[in-house]
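Two complexes are shown next, each including chain A; its partner changes from chain B in the first to chain C in the second.
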Partner chain A sequence: MSNGLYVQLLYLAVGGLLLSSVLVLWRRELSAIVRLLIVQGTLMAVVALLLAIERDSIELVVVAAEVVALKALLIPGILRRVLRDSAEARETEPLINVTASILTAAVLTLVAYGISRPLVRLAPSIETQAVPVGFAMVLIGFFVLVTRRRALSQIVGFLLLDNGIATTAFLLTGGVPGVVELAVSLDVLLIVLVLQVLAARVRLTFGGTDIDELRDLHD
Partner chain B sequence: MTPGAMAGVLLQVVLLIAVAPYVVGVMRQVRARLEGRAGAGIGQPWRDLRKQLAKEAISPEGSSWVFTAAPVVLLASTLVIAAVGPFISTASPLDRVADLFAVVALLLLGTVALALAGLDTGTAFGGMGASREITVAALAEPTILLVGFALSARVDSSNLAAIVDRIQDNPAQVLSPASVLAAVALAVVVVAEAGRLPVDNPSTHLELTMIHEAMVLEYSGRDLATIELAAALRLTVLLGLWANLFLPWGVATSASPSALGIGAAVFVGKVAILAVALATAEVFMAKLRLFRVPELLAGSFLFGVLAVSSSFFLA
Partner chain C sequence: MNLVAQALLGGTVFALAGAVGAALTGPRVRAVVAGVSTSVCGAGGLLAGIALVDGQTYSATVPGLLPLGTAAVAGDALSGVFVALVGAVAVIAGIYSIGYTSPGSPLDHGPGSGAGSRTVQAVLPLFVTTMVWVPIAGNVTTFLVLWELMALTSLVLVLAEHRARPQVRTAAAWYASMTHAGFVAILLALVLFSSQVGGDSFAALRVGAAELPTTLRSLIFLLALVGFGSKAGIVPLHVWLPRAHPEAPSHVSALMSAAMVTLGLYGILRVGFDLLGGGQRWWWVLVLAAGAVSALYGVLQASVAVDLKRLLGYSTTENMGLIFMGVGAAGIFAADGDRPLATLLLAASVLHAINHTGFKTLLFLGAGSVLRSTGLRNLDSLGGLVSRMPITTALFGVGALAAAALPPGNGFVSEWLLLQGLIHSLPAAGSPSVLIAVAMPLAVGVVALTAGLGVATFVKAFGVGFLARPRSMAAGNAIESPVSMRAAMALAATGCAALAIVPAIVGPTLNRVAATFPTVCDGAPLQGGVTLQLTRIAGSMSPLLILCGLFAAALVIVVTLRIAGRGLPRRKALVWGCGGTRLDPRMEYTATSFAEPLTRVFDDVLAPEQDIDVTHHAESRYLIESVQYRQKVADRVEVALYPPLLGAATGWGRLAGRMQNGSVHRYLAFGLVGLIIVLVVVGVTS
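This part shows the complex of A and B:
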């Protein structure tokens, strides 16, 4: 693959990652948000695959396959099941309204660009140039975690955070060793499963997963 | 200024005026066919214009010169854009006027003139339409400026012809993240500025939803024809600008007759494809509630910010 094509495809995939993260803030339907997660998982696998081709690394191909299996198939599948079992199709009233959160996402992206500049300057290369996108995904994930009320949206925020960390790792070091990557992925899967069970329990007990209503203690 | 270049400018203006009502006609026809109606044919807007031009214009009692001047200002400002923009050729002698920011200011001049005319009549609808139009324009403006910034940062010039030329030289830039994001942001703004769905429905006269139609409710005869022509021209100019900024192939780079001919044919083709695509998309879309329009425009603003920032860190 020629260098120019590699740079273009890599930046296009990374741009798609950033776009899918901010669109999570824009869409209200939870099913659309899960679809965006599938897109994001696929794009992450594309990034890993491009790095694998560029560096002739079989290990990264395996990592890419594992990313697809976990982040584009397995976890969205679990989220779909949570969605089907619950009656909540939409994120009705986030703590900060959609317009304001879209504008906040713009600010967060600029912040991510600002704070990652020293990192990029340490070792400027094609991949590290794109690191601000990973940071922006982490920040947007945090933002979703603190402003959304539904349990499913919170899981999505957590996954965005994890995707951001993984993207940063890919771009900075060409991916952590396969064993570590596998362990982290299994951790994430476990957390999602635990959260799924927890959300189901919360719904069974209280009839809904609005986090705000879990503030008071009752007998 | 060579005669060839002048002929190019003249051809561009005449072509745009001739094509503009057909663009509206094509969009209505596509919509009609997709909705299962026969439709009036793509020539209907021209027939309407001819009929209205033959009728006298009536000004409402108590309206001032602002009301009579607005259609002319709207048409004139749009015609200036039609003359200077790189629609068929980038080798125009008026090239230096074709600054992205100047073009945006000219578009806004027409919007403001029409909004003032809406206020001038003193009717409830006119004022309501004017206030909505200015709200949408004020929200769309930051996006246009950001997109302009993202596009001109790569070229080191905000000259439209320079931007088009540069992208023609490096076709790879078309698929860069900055360019794709800017294209999406500008598409939303084009839809908002041209008053199409989902921001404004051009075929309704329902008081709860109309924006553009509410402002021009009092116009009749020649004045109405002028406004209709200007609105059609505006739509064509916006579609043409979008097409040439992001898909600049086929734009003539010299003033030779053959290059101009190819440029004109490609331009008509591109605008026709965009018009059909836009009309098809509109069939599947409902108008947004007015209170959700700021959300859409905030989204396009976000795309603008991402376009600017990614043109810095992903380049």
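This part shows the complex of A and C:
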């Protein structure tokens, strides 16, 4: 693969990651958000695959396969089940409305570009130029956690955050060692499973999963 | 591995084994295991301390033992004195605790609580271990870790009886906040110091201190003074002493008051004289003033205190004040260049610290013996113990004599030295500086007044607490304490007596301590065997001869009276009966009534709250049915200074509480905003 094509494809995939993160804020349909997560997982696998081809690394191919299996198939599958069990199909009323959310996402992306400059300056290369996108994904994921009410949206926010961290790791170091990646992925899987059970319990107890109604935790 | 290392490590291994053993065994065995391991650990410390003072040195580094740095130890003669003091108290307290915490005493509040509980017994040897190691610490990290461990373990021990009495929890909360406020100050001081010098070890600090700017050095010293002053119980940071000492089990009170508090002095000496090498004159003026205020305020509160252990707690503040006065005066003269005089004053301070450790151990153990036997700490309910607990009474008397600083007690020797140093501070020729001309006579006055009030305090503690008739059923049913407690008190009394009669045995020790401060001290301050001779000024004293003189005088008086009274008719009657035949304990002096003149004289300082309730007879206003009198002497410093501080802290807490409405989203938002702020700060600054 020629260098120019590699750069184009890598930036396209990374741009897709950022776009999918912002779209999570735009869509209210929970099933659409899960579909966006599938797209995002696939794009992350593409990034890993591109890095694997560029560096002739078999290990990265394995990591890419693992990312597809976990983030594009397994976790969205679990989320679909959560969605099927609950009657809540929409994020009815986010704490900050969609327009303001997207504007905030733009600001957060700008902040991400600003704060990752020292990091990029350390080792300027094709991959590290794209690191701000990883930061932006982390911040947007956090923002989803802060503003969305449904338990499922909370899980999605957490997954966005994790995807951002993984993307940053890919771009900065060319992928963490397979064992570490596997361990982190299993952790994420476990957390999603726990959150799934938790969401079901919350629904059973309170009749809905609006996190904002759980406010007994204060003195 | 030399003797110091062997003794210290051996003692530590014993203490750890004792802690594990105490955690695993039943109550009766537990008391023995904890007590013996504490004593053995103390004996190791005593041995190591003596070897260090004797000229051996010990330094070692263990990388990787502490998470954020290297563990380093370095002992010199100064460390040696304090290690030996801690060790000696631990030996005695360990023996004492075997009897004190054994099951079946009136203080035994059932399984799982009190001084005999599993936790308390297991923590006791650990507390002693950390105290033994604190003066040996060779770098900032090790010192801070050990200091904090010492605070935490002592806090667990203070909390021992929290199930039986709720006020224990309040006392522990005060102690925890004061000791942690002090720790923060010490942490700031030492971390600032080491970051500016660029080294962590005390050796590096010592070398680098000279190049620091004066303002920075002053800041470090002031922070250290606040931190170590709060541990030493210097006014206005003394508030935890009269609370925590009464509520802790008595052997723990003895360890805290006699050993741990003294480590505050160690900190000041180490940082001020050793690491910073003396420094500015105004630092030491501050120390002198703080010491003078503490000495006066402590002894005044002690003289009106009714709770025996609270009285002893205030007496600790008083003695630490005297010690700090000596240290402050030594610093002033060192800054002025009169190093021989500084040496004498420093030696007097360290000697008073040694003496205070001796008699305060004895007194707290005596108070504990009374408490275990009667369940009482209130002097107004005690009395009559001389015939019921004769050995405890006699031994407490020895301690009271020493604490009152009367000959032939050991407290007298060091206070005499301190007074000699202060009195002879005016130069023989030429006029002194204004500061010295004003401060030193005032200091002499403070020491004299403190000594006088100290006599009244301990006459009250001994006379009202132990003599006359019992003022309550509990005091009347007192029985003598177990043999291990009596043995421990006898050991402490022997130490006090040795220090009182031949104080010259510690002369070489004091000379070696002085030699560890080459920039402050010069020469050997004390010489002589039976007679104590001062080198800088013309002064000498022989405690042994004073004792012989007192004994001879007493003998002469008794023999003369016998001879003069021969042939006169004898009549048996009630002592102090005043002609009456029916004596009631309610006719006796109480602690409150004994201190009443003092309360009156120092009315403006103490501001006692008095409350008189007169109930008239139903038939006639002119007849009185009953009169009730209540008096409470609050700690004025505490009442004036601490409520605003506590109010501010509470207000701050309320403000923080308002930020929390329980919404998960809000907490997440705090996290996001915090993350962005941190990232922006990092991004902008790098």
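Note that the second predicted complex is superposed on the first by the 215 of 219 C-alpha atoms of A that agree within 3 Å, B and C clash if a C-alpha of one lies under 4 Å from a C-alpha of the other, contacts with A are read in each partner's own complex, and residues count from 1 in each chain.
In this section, contacts are C-beta pairs under 8 Å (C-beta built on N, C-alpha and C of every residue); 3 or more make two chains touch, one makes a residue touch a chain.
What you are looking at is a predicted structure, and each value in this text was computed from that prediction instead of being measured.
Look at chain A after the overlay: chain B and chain C fit there side by side. In the superposition on chain A, A:197 makes contact with neither chain B nor chain C. When both complexes are overlaid on chain A, the residue A:129 reaches chain B alone and has no touch with chain C. Draw one line from the C-alpha centre of chain A to that of chain B and another to that of chain C; the angle between them is 130°, to the nearest 10.
In the superposition on chain A, A:106 makes contact with chain B only, while chain C stays out of contact range. Once the two complexes are laid over each other on the shared chain, residue contacts for A:11 go to chain B alone; chain C is not touched. After overlaying the two complexes on the shared chain, residue contacts for A:118 are found with chain C alone; chain B is out of touch.
Measuring only between alpha carbons, the smallest separation of chain B from chain C in this overlay is 16 Å. Of the residues of chain A, not a single one touches chain B in one of the two structures and chain C in the other.
Chain contact summary for the complex, chain C toward chain A: residues 657, 660-665, 668-669, 671-672, 675-676, 679-680, 682-683, 686.
Within the complex, the chain A residues that touch chain C are 95, 108, 111, 114-118, 135, 139, 142-143, 145-147, 211-212, 214-219. Chain contact summary for the complex, chain B toward chain A: residues 172, 175-178, 180-181, 294-295, 298-299, 301-302, 305-306, 309-310, 312-315.
Residues of chain A touching chain B in their complex: 4, 8, 11-12, 14-16, 18-19, 22, 26, 98-99, 102-103, 105-106, 109-110, 113, 120, 129-130, 132-133.
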